[in-house]
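Letters A, B, C and D mark the chains in the order given here, with residues in each chain numbered from 1 onward.
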């Protein structure tokens, strides 16, 4: 299907089903139940899950295929975001030009950064990319305030020019739209005690994510992708095969920079605001963590890693003491207090602690990331060849 | 076909029946428009969203804000001793929730990042059905969340935000700020500084290199220069700076005799500690004692800087040692519940919650436009800062501002500042179109749906 | 004129004169071995030929064109392929993929951004790679990871990869180092077969005299950075200077 | 001229902090080949050793003072440190005043212990894993460590002053013949600089002149060969990890009077110290120290008002700009070796 092998087609279909049915899958618990706290099927989080999925997919094209570990990818996301919001302020609130320009600008910026940084390899490359990203962040937060809004960032304002859009009706705020369909538009489906939200912005982002994912499969399976894996495996042999590695790695760098820009543009399309923190080194580190956590070099891994981290950030951080009290209310008082005391450090303001512990557990017990966890579960069901497990996983390029 | 911009969850009520495009199943579309505004509470509860920093450097300030919110909710629902509800000049609140609906709340972590703060706020609006969002500990977050609430049709009651921009160039009709701002700090501080240090002074500014720093420097400069001070130099310092030695060291060489630290949070703790370390305060320059000024003080910052704050002037929105009835009532109930006195951030957040609840009661509706109308040009008293006006033109509160200085002999770890002067509101009031606040457009209220 | 002409090449590393004044001519379609004791400068010479090192003096001409100052990939494109002492292959890729990379490089040249078509759809490349695998007797291992191959198979694969670029000159750096006897003999047979069946020049640097005398048509003996003597294998065997400088050593060592 | 001397002083002082952290990081890189993102956390834990000791010293029982009232109008509870009961108020105060220097003695065993536990319990299992895995696990560990500290000590900075004897600053200007008060420098910062110099010197001497150090240096150059000699290099590497942790911890202890410690100070330093290490060149200890001082001095110059007037914002980016320029002109940093962390 679509020029993919059977395995890849199956994977693509699974991803399509997961994204299309996400409003159901992410809302497994009925409204008002104690577990509803864990529901993630609301537009903002669903949008973020797929957008950061795109970001991680793109990062994986660079890191997973070539092995070059960029520590500055958030800069491309940020630059894309700024380009998109300026498009919205100056031209139109339609998201299409904003997203296109974000990809283009991020691509140009990554061409510049990549062209310089790829002169070095290994950790020297990582630090070069980090340096560019930190400079972008620092300047955007301070001296570039007239362009970036600095600390308070940029949002569309009522009195922006928007030369392609008509004048706003009184009392209206400018809203991002897709040829008139506003990103915030939602339908809610009520089934018994369940509510499922179908949000226009989410589905637009999801379609872009599916396309991005499809494209990444094609890249992974192409001669170009194979060359990149060859560069990662043995750069010496690449050179002595008459190939210059630099154009390949640079192309991979720019492609992944454009993915980051796409993610940045979509973030603005879904939530019309940009702040410089988006480019801080921790944001670059986050996408590295997403990719490794999910499984670097695998197709689906980065998407899983992105989903995992964003879910933790948005769901666990919102559990507070009164929610705990509700959960354990049925217990006898002493045990209730005891359980709350035990769980409390890990939720709400302690969500970072939980995340840190999970990072360690995953990397200690699942060296190939979450994908390997999935594979192990899969093998439990199959129980066929327990012998060749060890050699596998690490080098298998896909899944 | 009905569009809801940002919709609410939480309570299920059957709305109009509609067929959603592309779905073959019969679907029950809940039209949010039926109540005319986003997240109209339909059951017997109403949900508020408390969006405070729980991780990152301002986590302790966020924790104090959260304590205040929990206290406010308790009081609104008729629990505890009622706190400031007893001293508040408006008597609309009954202690039976808001408009008879029990107040529930959800919490989130802003991380002091505008992206995270908006994600958290959107989850409160979309998932939890919050009808009002409040909290925050920086102007970046306040401006970002305020813009979101304007778009979503939700009321935003800002927490701690001091930059002029929040009610200046970035003001929004759905957003309200109780906290004071850079301009007020400058206007309140200048006369006290003149009285204590004289009018012939040379000031050296160190300014955090971002919006809040710029507005604060501008405010303090213009009000001190108006009294006759000279500004020798103003140097911008990066937000991420931790060691300020290279900025502090040249101060003495410049011939300045006052150092103004336009820093907040960790920046301020470090720059003040470094300045004292260099022994600046022991020096005589131009035959005057060298002095340091910190335009915006908070108790947590004072705690972080320890003994270094002793005798240093600054301004603050509120302090627990105030002796008016409202402050006393609040300190009493907060102190009884938590065992220590509240911070200014806690005070602002508590007051904002009560003001919102009161506005809803008076308006008789949760509709944001009704709330905006009830809050605009609302005058009240008994909330700790004397007579206060919520100005309709920019949604900024006008009230007395406190000038404080670091206490020489603190009695406890919370007793770090003492009030030097309560600057009357008239002295800190400015025109809505004052140049330091120009470029904004309040717009009109947005009820959402 | 040989296909490769080395004239007056010299190279110093700090105080060490690694190569003195090397003159060497390799005739087209011959098998030429370069031997010499450890530290004689064999590897330095080889690195000068492939662009990894740039000699201080002299010239290196390949088919009438200078190779000096060109990068390794450019020299490769001129038609020189190199087999390393430890096989340099793509360990993370399958055997088939290893073989396809040089096929792509041969077809597309230096850089081809073919990012959309699938590898499997490139019929010509697949066929060529499969053909070469059969030639190398490795068709049954096509889906194995190259890192999991035996030393001998890795060597075979590497030689196959070089051949699929259809080079005019194949440089081998101690191709049987660290191999078991059986693997060594297989490699000798393979190289013989290559030299017989193809229009190709082979230059081989080797320690193992068994390999050298089984394969080489001409031998250059290098000692202390300068060529001692160049002749046919039979003459070299009997050459007193060589015996003294080199062969004596190996015989006692062996 | 006086302004420049002043900024050189500042740069040396800043640089000594960078160099100390980078030194430990390089020891771990060089010997163990591990990218340790938890190194900043070790620095932070060192600082909290000082906080903990001063908390221990001020452990108190409360007495109720009827003459004073607290903020709620109740009788004031006054804390009396136990140490007053033991040594009397005067000596007790003196001991509390010297809490930071005393913490050095406290921090050394604690940090070495933490280092051992970290290496044996976790890092050891990651020697052969890809760098990406090392980054993930040590980053996770760093988060866990700082969240634990935050849980017990809160997020707010905790003032930890130097002893009174080190208050105030030394007037270099008067000594060098400039006007008084033009070149002053705080005593504690001079102590910090001297302390850093001693520690750096001690580490170098240890590696240079002891057999233990010789083996470790050989191991840094070629781990396998040393292993083949039948030397138990693993045990020595564990000890090196302990030493690196102790160096980071001591840097943290002594830093507390300069800036009040908080739970995220490690993360603030982490990125910077990585830049320092890489600019110095991977695996090179002298490189790390040199880069630390170089970046410290350049950062100080970039913060001068006259410089900022010409190049606004240069203070925001100077370190990264210099890093880029150095890495582009010198492929392996100032003194890096070929092949270390280049893949």
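The working rule: contacts are C-beta pairs under 8 Å (C-beta built on N, C-alpha and C of every residue); 3 or more make two chains touch, one makes a residue touch a chain.
Heads up on the chains, UniProt names are A, D = Branched-chain amino acid ABC transporter permease; B = Substrate-binding protein; C = ABC transporter ATP-binding protein.
For clarity, every value in this text was computed on a predicted model and none was experimentally measured.
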* Mind listing the chains that sit against chain A and also against chain D? => B
* Asked: Based on Cα centres, what is the most central chain?
  -> A
* To do: Could you see whether A-B or B-D has the larger number of C-beta contact pairs?
  => A-B
* Asked: Using CA atom averages as chain centres, what separation in Å is found between chain A and chain B (Substrate-binding protein)?
  -> 32
* Asked: What is the distance in Å between the mean C-alpha positions of chain B (Substrate-binding protein) and chain C?
  -> 74
* To do: Find the geometric centre of each of chain B (Substrate-binding protein) and chain D from their Cα atoms only, then give the gap between the two centres in Å, rounded to an integer.
  => 35
* Asked: Between chain C and chain D, what's the gap in Å when you average each chain's C-alpha atoms?
  -> 52
* Taking each residue of chain C in turn, which ones touch at least two of the other chains? -> none
* Structure fact -> Within chain D, the set of residues that touch 2 or more other chains is 312-313, 316
* Asked: Which chain B (Substrate-binding protein) residues sit where two or more other chains touch them?
  -> 59, 63, 209, 236, 238, 240
* To do: Could you run through all the chain pairs that touch each other?
  => A-B, A-C, A-D, B-D
* Tell me, which parts of chain D touch chain A in their complex? -> 35, 122, 125, 129, 131-133, 135-137, 139-144, 147-148, 151, 267, 271, 274-275, 278-279, 282, 312-313, 316-317, 320-321, 323-324, 327-328, 331-333, 341-343
* Asked: Can you name the residues of chain B (Substrate-binding protein) that touch chain D in the complex?
  -> 56-60, 63, 209, 233, 235-238, 240, 242-243, 245-247, 249-250, 252-254, 266, 269-270, 273-274, 277-279, 282-283, 285, 300, 303-308, 320-321, 331-332, 335-336, 341, 411-412, 414-415
* Structure fact -> chain A residues touching chain B (Substrate-binding protein) in their complex are 31-32, 39, 42-45, 48, 138, 141-143, 145, 150-153, 155, 157-159, 170-173, 175, 182, 184-190, 193, 195, 197-198, 267, 271-273, 275, 277-278, 313-314, 317-318, 320, 322, 348-349, 351-352
* Mind listing the chain D positions that touch chain B (Substrate-binding protein) in their complex? => 2-3, 6-7, 9-11, 13-14, 17, 68, 70-72, 76, 150, 154-159, 161, 167-169, 181-182, 184-186, 188-189, 257-260, 262, 264-265, 268-269, 299-300, 303-305, 308, 312-313, 315-316
* Which part of chain B (Substrate-binding protein) faces chain A closely enough to touch in the complex? -> 3-7, 9-12, 14, 20, 23, 25, 27-30, 54-55, 59, 62-63, 105-109, 113-116, 118-120, 122-123, 126-127, 138-140, 143-144, 147-148, 150-152, 163, 165, 170, 209-212, 214, 236, 238-240, 441, 443-446
